[in-house]
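Got a structure here, written out as structure tokens. Questions coming.
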Amino acid sequence: MRIRKLATTALAGALLLAASACGDDGGSGGPSAEGGAPKTLTYWASNQGPSLEADQEILKPELDRFKKETGIEVKVEVVPWADLLNRILAATTSGQGPDVLNIGNTWSASLQATGAFVPFDDTLLAKLGGRDRFLGPSLAATGVAGQPPAAVPIYGMTYGLMYNKKMFAEAGIEAPPKTWDELIETGKKLTKDGKWGLAVEGASVTENAHHAFIFGQQHGAELFDASGRPQFDSDAQVAATKQFLDLMAVHKIVNPSNAEYGNGTQAVQDFTSGKAGMLMWQSIASSAKAAGMGEDEYGVAPIPLPDPAQGGKQVNGMVAGINMAIFKHSRNQDAALEFVKFMTSKQTQQNLNKVYGSLPTVKDAYDDPAFQTEHIKAFQQILATTAAPLPQVPEESQFETLVGTAMNELFADVASGKQVTEEHIKAKLTEADEKMQAGS
Amino acid sequence: MREPRWLPWARWIVLGSLGLFTLVPLYVMATTSIKPLGDVQGDFHWIPTTISLQPFADIWRTVPLAHYFVNSLVVASIAAVASVTIAVFAAYAISRYRFPGRRVFSVTVLSTQMFPGILFLLPLFMIFVNLGNTIGVELYGSRTGLIITYLTFSLPFSIWMLVGYFDSIPTALDEAAQVDGSGPVGALLRVVIPAAMPGIVAVAIYAFMTAWAEVLFASVMTDESTRTLAVGLQGYSTQNDVYWNQLMAASLVVSVPVVAGFLLLQRYLVQGLTAGAVK
Amino acid sequence: MVASTTPRPGARRGTGAPDDGPQRSGGRGPGRVAALIPVRLRRLGLPYLLILPAIVLELLIHLVPMLVGIWMSFLKLTQFFIRNWSAAPGAGLANYEIAVDFDSAVGGSLLRSFTVTVAFTVLAVGLCWLLGTAAAVLMQGSFRGRGVLRTLFLTPYALPAYAGVITWSFMFQRDSGMVNHILVEQSGLLDERPFWLIGGNSFVALLVTYVWRIWPFAFLVLMAGVQNISDELYEASAIDGAGWWRQLRSITLPMLRPVNQVVVLVLFLWTFNDFNTPYVLFGGSAPEEADLISIHIYQSSFVTWNFGSGSAMSVLLLLFLLLVTAVYLVTTSRRTSRA
């Protein structure tokens, strides 16, 4: 550390020259830049809409309204998902970041562990209308249980089973499948003439990790034991993983090409373009709209639940969504809280979730007719009853990376025609497990 | 130089296949940029079935492309010029002088090329933030910080290459210049630099491209107002869709000025030793 | 522009008045060193002044951060401590022990990633250099279309890396990619559509993409090297009756040696540390067969929040590269000085 400071001082002179020559640009650096006048907030928004620019446009009227109400100006930067975590890390490390920011809710516990965010204790939550105002499952995905949330939910989502109504009608299928056997049967009926029953994003680490969790829950697997140690290779988790892979490997209702889908849009495209009849996904409203697929052309049903006799949990979705956090480094924490309050207010919740096709995270926002559509109600039902949050442990992001990657590799093996046995799956998951333990 | 009879054939075959290898992706890029998104996502066709120039209009709306382009251009140009200037002086010292520490300096500089970026990304970021706070100049998030980083990235290679080029210029040349009354720096400016022009241009292009293409550091060290193209282009791949056609269109649009710049520089690249009076 | 103004006036100050007669030796002929002490002092200071800006920047951007990075590798730097590094408990050599324990999952996959990287580097550098040299040599002399070809060859290098690589990933798609369109539908070489972005072929995909993007750089630098070779050498040897091959072997290649030495070394270092290509081509997580070491380290530090362990792996990588570079420099400079 001392060496750094020394060098820092020594080099300052040389740099001053350089900096003064081209230090004209608008690299505003967050809170410290505004020192005396706490009337400006910086806000990192995540990319929720069709593009970064679209997000700016969607947020602008709301931020204008906020300024009118409070006099506080919000400078928003929409950070692409590819950069968001790195930016947060850098901000956490250096203390130079925004006042308020969006995070993927699965990162909550990991980021909570850094201590970089203002904890929303009961006093703070009371200012937002109290704990009970929020949807229980969404609030459960905001940090380690028993600790004050590191963030509050603003956009809610969960998994559902989308199905193409026209393809179902053509194949003579009347209702969406309710059990896994039915889903496989339905899938087989749909799989013909270059079309497939189900689309998956087989090379996406996050999607795979989410499905590993959902399927695992159905088999009664817990990814972490009570003391927080990973147990990715439990027999139940292996069986769950096999069940998911077998949709491609054994039942052949998933196009093997799906094993290379990794950018988070290709499975959706297969669905919206009619190449696949079913899809297990979060809201696809805006993608469907962009692809010209009308809202009435597809239905949303719950992902099948396991036979209760089999054991396991009645879980068919993970609590997905976006949370909002306040940086501890912020010098404008009061204003920041004001903004969080605004973003979780009934009006803002209704406006934004409507545009983004997501679910409001506060109960009082649901009286808007826009949230009474069939799709939204279906998602809302799943989120409220059968969705569970991913394990709220600080090592959550390691879990996603390690298990998600292991599943990518397994899908690749399946697609290239290799026999993927339980031993093979177990070996992969054990490897992930060992890496996890070595890191902690 | 006398050319054997088979040479034109060999040239044709080798350069032709290399040209094809280079061209095919560029062709795919160009044709994709004029297809509607639906066609792009469908099966591949060499000839577009529907032509639409819409992507070229949409690219400006999806991401602030012009803004990113200016950022990249400013950062890369300043970094390239500064890097080459610094490298020319350093390389001249190494090529023409024997001084204590010369070997240490050159080996150390070269060894910095092997530092994995991942390793010093976070430390560098912290240094920038602290330095910014100390001297009151914002380095993080500003173009200045990025320029300083990039010009340093290209320094080691630039210095080493220029040493190689300078070594190939006979010392008789600068000695002659010094007889004519120039100091060593005069000799450098008047004789060595013109004679090493192809090398200097090559190094400048390299320094420019290093700054132009870098993704990892840019993704952490820029914000919306200073984001560079290398990072900004990722904006066409969003949560909902990958706008392949717009991405390709944008890539083409931003590459045209750069390729044009290369074309202009080529003149200097081929000039060779013609600038030097003595050979 | 910024820094360009610094060295020049400084350098002038160092050399004194422009009419410095005795300096004509330029440092190469020690026998002609002038006896005047002030001049000698000035001369002694000049090279240091010339390299000063480079030293300052290297310290700031490379060396100091690197030292911090090395220090990080001895810490247990997980998400619990990144906010306040000084609170991170020391890890001693634990981070290194895990990384080099090749029987463990972490060490084993590091070793595998290392092997993949070595294979990739050897092939990629070899190909880039070969293509670059071939093109540079064949483009000597003048013929129709030379300028067009030169521009074309440089274009992949002029594209932002993201654009070039994402185009390849687009072409490598199994169902709607150009590569399979040629291999399966047009030529009928294969019956079954192969995967390029996952499984064993991903290595080939990575190699092709990388070579496409980087060989123009080798070409650019070698072409500049070829341009720097004096025509007189060729003229003289032509008088001696040397043919094209002999000129290539006895003039072009030897004269390119100093340039080659650096090009190959730098290509090696770049390729070994390449991050952008696999990151963009495979969307963040590379398949095992194409899991280059920097992606691997990224995954085991940035994505999994374990910076201590990632730093230790980076330091190991650095040590390896230092070793290779040292051996390379010793062997090649011995050869060069004999030449």
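As written, the chain order gives the labels A, B and C, with residue 1 at the start of each chain.
Assume a contact is a pair of C-beta atoms (placed from the backbone, for glycine too) under 8 Å apart; a residue touches a chain by one contact, two chains touch by 3 or more.
These figures come from a predicted structure and were not determined experimentally.
Visitor: If I count C-beta pairs in contact for every pair of chains, which pair wins?
Guide: B-C
Visitor: Measuring centre to centre, with centres taken as mean CA positions, what chain is farthest from chain C?
Guide: Of all the other chains, the one whose centre lies farthest from chain C is A.
Visitor: Centroid from C-alpha atoms only, then distance chain B to chain C, rounded to Å. What do you get?
Guide: 13
Visitor: Could you work out how far the Cα centre of chain A sits from that of chain C, in whole Å?
Guide: Distance between chain centres: 37 Å.
Visitor: Where in chain C do residues touch two or more other chains at once?
Guide: Counting only residues that touch two or more other chains, chain C contributes 1-3, 53, 60, 64, 68, 175, 302.
Visitor: Where in chain B do residues touch at least two different other chains?
Guide: In chain B, the residues touching two or more other chains are 41-42, 78, 122, 126-127, 147-148, 231, 234, 237.
Visitor: Touching two or more other chains, which residues of chain A qualify?
Guide: Those would be 4, 11, 15, 18, 22, 82, 86, 89, 93, 95, 263.
Visitor: Please give the residue numbers of chain B that touch chain A in the complex, ascending.
Guide: It comes out as residues 38, 41-42, 61-64, 74, 78, 122, 125-127, 129-135, 137-145, 147-148, 219-221, 223-226, 231, 234-243.
Visitor: Could you pull out which chain A residues touch chain C in their complex?
Guide: It comes out as residues 1, 3-4, 7, 11, 14-15, 17-18, 21-22, 82, 85-86, 89, 92-93, 95, 110-111, 113-116, 203-205, 255, 257, 259-260, 262-263, 394, 397-398, 401-402, 404-405, 408-409, 411-413, 415-416, 430-435, 438-440.
Visitor: Flag every residue of chain B that touches chain C in the complex, lowest number first.
Guide: Touching chain C: residues 1-4, 7-8, 10-11, 14-15, 18-19, 21-26, 28-29, 32, 41-44, 72, 78, 81-82, 85-87, 89-90, 92-94, 96-99, 101-102, 105, 107-120, 122-124, 126-127, 147-149, 151-153, 155-157, 159-161, 163-165, 167-169, 171, 174-175, 178-179, 181-187, 196, 198-199, 201-202, 205-206, 209, 212-216, 229-231, 233-234, 237, 244, 247-248, 250-251, 254-255, 258-259, 262-263, 266, 269-273, 279 of chain B.
Visitor: Quick check on the complex: what are the chain C residues that touch chain A?
Guide: Counting only chain C, the residues touching chain A are 1-3, 6, 53, 56, 59-60, 64, 67-68, 78-80, 82-83, 85-86, 98, 104-106, 108-109, 173-175, 193, 195-200, 282-285, 287-288, 299-300, 302-306, 309.
Visitor: Which residues, counting only chain A, touch chain B once they are in their complex?
Guide: Going by the criterion above, the answer is residues 4-5, 8-9, 11-12, 15-16, 18-20, 22-23, 25-29, 32-33, 47-54, 77-78, 80-83, 86-87, 89-90, 93-96, 263-265, 268-269, 273, 286-287, 290-291.
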